[in-house]
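Look for chain A in each of the two complexes below; its partner is chain B in the first and chain C in the second.
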Partner chain A sequence: MAKTLFIDTSKCMACRGCEVACKNWNDLAADIRPFNGSYQTKEGFATQTYTIVKMNEVEEADGIRWIFGKRQCMHCTEAACMMVCPKNAIQRSPEGAIYVDRDLCIGCGYCVQNCPFGVPKVDNNTHKMSKCDMCVSRIENGLTPACSKTCPTGAIQFGEREDMLRAAQVRLAQVRKRFPRATIYGNEEAGGTVLYILTEDPAVYGLPPHGTQVPWQVKFWQYLARPVGNVAVGASVLLLLVATWFNFVQKPPKETGAHVEGGVK
Partner chain B sequence: MANKEPNIGIVKDGKVRRFTKAGIAAHWVHTVTFLTLLLTGLSIYVPATTWIGNLFGGIQNARIIHRVVAIPYALFALVLLLVGSRQQMKEWLKVAFTWKKEDFIFSAKYIVTEFMGRHGDLPEADFINSGEKVNSILTVGTLFTLTISGFVMWFPETFPKWAVRLAYPIHDLSWLFMTSMLLVHMYLSLIHPKMRTALKGMTTGWVDEEFAKSHYPKWYRRVTGKDA
Partner chain C sequence: MTNHYIDLKNTDCALIIGSNAAENHPMSFKWLTEAREKRGAKIIHVDPRYTRTSALADIYAPLRSGTDIAFIGGLIKYVLDNELYHRDYVVNYTNATFLVNPEFGFDDGLFTGYNPQSRKYDTKSWAYQKNADGSYKRDMTMQDPNCVFQILKRHYSRYDVDTVCKITGTPKDVYLKVAETFCATGAPDKTGTIMYAMGTTQHTVGTENVRSYALLQLLLGNTGRPGGGVNALRGESNVQGSTDMALLQHILPGYLSSPVATEKHATLADYLKNETPASGYWTNKPKFMVSLLKAFWGPAATKENDFCYDYLPKKKPGVYYDHIGLFEAVYEGHIKGMFLWGQNPVVGGPDALKEAKAMENLDWLVAVDLWETESASFWKRPGANPADIKTEVFFLPAAASFEKEGSISNSGRWVQWRWKALEPKGDSKPDLWIIHNLYKKIAKLHEGSTDPKDKIITDLFWDYGNGEEPDIDKVAREINGYDFITGKQLPLFSKLKDDGTTCSGNWIYCGMYPEEGNLTKRRNTTDSGGMGNYLEWAWSWPANRRIIYNRCSADPNGQPWAEDKAAIWWDEAKGQWVGYDVPDFGKTKAPYAPGGQDAFIMRPEGVGCIYSARAEGPLPEHYEPWETPTKNILSSVDLNPAVKVWNTPMNAKGNSSRFPYVGTTYRVSEHWQTGGMTRNLPWLAELIPYMYAEIGEDLAAEKGIKNGQKIIVSSARGEIEVYALVTKRMKALEVNGKKVHQVGLPWCFGFSGIVTGATANNLTPHIGDANTNIPEYKAFLVDIRGVE
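The block that comes next holds the complex of A and B.
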């Protein structure tokens, strides 16, 4: 059954326990960077960093307010990365997790360029892509993803898709009393395997705007360019098979006319 | 129309000089580089042909070779033609991009008659016939589309995201069209009983006079000054 990771940004306090739990479960190395003036631990996704908590300081009349946004793979139901992967190395589990088969991955980076959310990263030494796999090894055994398991405020919930969607709608009504601009994000944008309650505009969290997020170039490629190209190659092969039949199997009649051929004698 | 390279059109021992040395060199440079790019590309891009990567010492080597060979593919044939065969290159491109009603008739008739080993009454061709015009246009066209899109894919950080994403389908469509044309081109030059003699033109530069007369009558008359 389709599962959903439901992230309620209004409940996030940026403890970054999810970042640690993710590193722990997935056995990812620490990626120590110099302090750059922000409390945000990681600037963005990396080969060893599958989840990050974005931290934005917003100046308001009554002082500074923090906006926290936990980010990871959206596990799109129409996943651009999966569509463009030339080796079918990116796959989908029955629960809806999009994960990479490292044996098939050649590190070409097509997914990196085409993901609307900037999630996949390729290691230039191992030539393998890595990203959040929604802890597929945990969820297929009935556990919740590590980030959800560790979240102390209940900002990261995990469950059946319908239940999570209903919970998100209920929660949205409550959150809107305090954050009038709050929206649900992820259902329309990526198919609902990851749902957000965002208290602000998606751009604040580094997310693309509301609306479906499969790049038009990917659609043009997969639904038009590729099929047309395949038909062209198929038509050529067919033409040559027919020509071979008429030229060699069912030999042409001997010519008697004046038409001279420079053929092989 | 006296637009011809000095040696082109000379008749000797029943043969006609058809291609310049630089033109021949350009053809084979293009052949070798394109086939290398096709094979490495197949190993990178098509799941069923991943094994081809082994011929190049593994898929990561194939990826490097694909980029390295792309440079001579993009430049060498073009430079050879510009330096050594500018006259014939101009003539070739002019003929290739000039389309009349008879060109469509030629291709339509050719496919069902001559291509299938039957005799067909075809409109007279000039330097190249309309099938070869399609091949020429695709070869030149995809040289540009493959080079430009490949360059964008090679340096994705340098270009805007929309352009990088658009480069993939352009690269894909280009190689698929070019490969389908190449299959027909190679079939005609290597296998087809009536046409494979044309290969001599691309190895020696000379073709049989009779072949030139019957296949390229307009060109034959133009460059030799004789009747076809």
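The block that comes next holds the complex of A and C.
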């Protein structure tokens, strides 16, 4: 069954325990950047940073607000990264976690360019993509993701997608009493993703607008161009084989070896 | 905490003041979040800075650091003026009805009996009136002009909202919102909690800050009840335990006073006579004290030799043995050796530059810590020349919490056993191993000595095994206590005796390890009544009570004030108190029996003290910090009249013409205390890697400072170079007609570790509270300037 994270930003206090738990479980290196004048020292995702808590100071009529929201991979049902990956290196686990098979990844960066949420990052040295995998190694063993496990206030819940959606809907009515602009995010975006209750506009958290979908070009690539391309590649190979065979049959080479590339022997 | 962490879920309103709970005690927000979600609880945050706690609060009220008593005093007046106090509670469970000596008075910031030369009070005129039979005179109508209630009314009549806001700088509309919201918990079916931490205590008026909270909670009828109480969020996971075990100089384990070298404490009989009150549970003090001496000196302690009472060190009267006092003595060269056990004064001490300088006078230093802290390496600190420093330094690597076994006592007084998860790395050893082997070496050196002064060591009862590894189970058994005759563990402190047949290393822990086993290892998650008390999870002192003073959770007739606020109640059929908690009361003492409404069993009066003598008076009064940007507008007395003023090189004083801004130090979620642990862990170091000063946009604009640039922050004690973190969250306050800016400084940086930075405590003053001498870290004067 598809599982998901449900992140209630109204309960997040930006303790950043999730950031540490994530690095701990995934054994990711620390990344000390120059002083940026903010408590949010990690400005975005990086090859060694899979989750961050966004912190925004907003001046409103009745005073200042400091708005927090945890970000990580959205594990989209329609995952652009999977669609564009030329090597099928990005895969979906039975639980719904989108993860990268680093052995297959060639670091082409198509996923980086096409993710609507800016999540995947490619390491310039290893030429491998890395990102949050919903702690697939934990969840396939019945554990919850490290970020969810460590969250003190219950702002990061994990469970069956349907249950999480129901919890979000119940919670939304409560949250709207304090935050009238609150919305559910992730129910429909990119075919359905990690669920959020956002107390503010998605842009405040660096998220694309409500209703964001995978661009048609990506779908075109996934559903039409790539299969056709694959067919085309197959056809070329076949033609080559046929030609070689004719060549072989008609004029057997004096020296083999040099003419058997492509595995035909 | 009078209550405990989980009990926060039962509150209707949390007033967080002097605490940044969301950042420094994140687990408290687990339960506050539940209270909000399930009960619609309100959260109020009162603090000089808008922090992550403020971000989660329903109301954020800014105040100028060091003005809590004015803030709370205004709430007390609001409660009294609007008759929002919980009347039945106040009449029956507090000393509001008690009559005070008619000579007691208060004028222009001073109570009667003040001696300006000694800076001390003669408290004779503050006493209660008594009847001929020794009982207390009370006026249950609370109309007598000498009753505490009327004194309280007169005292806080000066704390009107306008005056208060002039002192605190809180906008009036916000202040009134706080007053309306929190004071609504005076309704009998509601409770409110006050959560505080070092933002409350680290002031020259720290004790009275806490007292003001206690007073407000008594008026609102919030103490001793689920979702209520006065809740200190302790600064370290086991600081409650270390306080219980007498980490501080003024107490022995179990909150027995440290003896002083005066006639009052000359012999054990003198000590017990002068320290034991005539009524209340402390009348049992002789049993606790003798059992403690038996734990210290075992068989050597006999009735004939005063149970070795003479071996206890006696403090010299008038000498300060607290942190500030010790470092003044080190600076003067009176102290020659020092053990630093998980402590890092070169970063954490007040006027830290001078404390580091003072340490150069030491002949030897032993530092016990996980990493080589700034204090362990003070001799090679920037600006010091190691060749000039003669101190011999020993560094003992310590095991971390996961590498050793033992109990920790959390803020809620829950004593929880922890098991060792992995072996210590390298040569590092648990603290207990270090002290055990230190003892064995010292004992060996004194073996066979006939010198009487060595008997304190040769007679010591060190019954924790003879091997290199101490037997921690035996330590736990002795802390609980046992009977020397039967050899059996004692079930509770009520079984302790003053005849030398029992021992207990800490009477309040007696009950944690009865014959059936070590109860701190319990992990049963049954929660009778759903109130979150989990009586079979670990063990809590005293007597496994989860909410102390819980007799107050029931009305004078013994029934809960409200169903969802029930803790204990009187069961007439059973003839005893029953409920969801262990009664903090005589189990079979009926509400209608004599003393059946004396809800505060530890007090000689049997009631909670609205009026209670402290060094600076029986009621909290606002005084300005040692360094202040303004004058006290409530009286001509600026500084707490009872604080010890150190006229020494360690405590240079700044004035507001040179240092116009209020500086305040704080911790952040990402770092722990001085950073000795967290700045050495890459995953924590990366979160807050640089020292900064938090300043408001208006101050930055005034000084031409840009976010992210380097600035100098200076005080009369020193200056530090840090980054400027310019934020909308820091706003100038209107104080007494003057604009006052505040500057926030995290105190977790030093020169050692993966990430380093300037030390905020190089700026803080060397002065403390009148009762405890805790340093005034939280309010002092600074200036700032940009670095080109």
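The working rule: the second predicted complex is superposed on the first by the 217 of 265 C-alpha atoms of A that agree within 3 Å, B and C clash if a C-alpha of one lies under 4 Å from a C-alpha of the other, contacts with A are read in each partner's own complex, and residues count from 1 in each chain.
Definition applied: contacts are C-beta pairs under 8 Å (C-beta built on N, C-alpha and C of every residue); 3 or more make two chains touch, one makes a residue touch a chain.
Because the structure is a prediction, the values reported are computed rather than measured.
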First (chain B), second (chain C), both or neither touched by A:Met13: second
Touching partner for A:Tyr50 - first (chain B), second (chain C), both, neither: neither
Touched partner set for A:Pro152, first chain B, second chain C, both or neither: second
Chain B versus chain C as contact partner of A:Ala30, first or second or both or neither: second
Partner chain(s) touched by A:Ile106 [first = chain B, second = chain C, both, neither]: first
When both partners are placed on the shared chain, which of chain B and chain C touches more of chain A: B
Contacting residues of chain A [partner chain C, same complex]: 11, 13-17, 19-20, 23-24, 29-33, 35-39, 41-42, 57, 59, 63-68, 152-154, 174, 178
Residues on chain C engaged by chain A in the complex (per definition of touch): 22-23, 26-27, 29-30, 33, 37, 50, 52-56, 58, 60, 668-670, 682-690, 692, 707-708, 723-729, 731, 755
Contact footprint of chain B on chain A as seen in their complex: 84, 86-88, 106-110, 113-114, 127, 215, 217-218, 220-221, 224-226, 228-230, 232-233, 235-237, 239-240, 242-244, 246-248, 251-253, 255, 257, 259-264
Touch list for chain B against partner chain A, complex: 44-47, 50, 59-60, 63, 111, 115-119, 156, 161-162, 164-166, 168-170, 172-173, 175-177, 179-181, 183-184, 187, 191-197, 207-208, 210-215
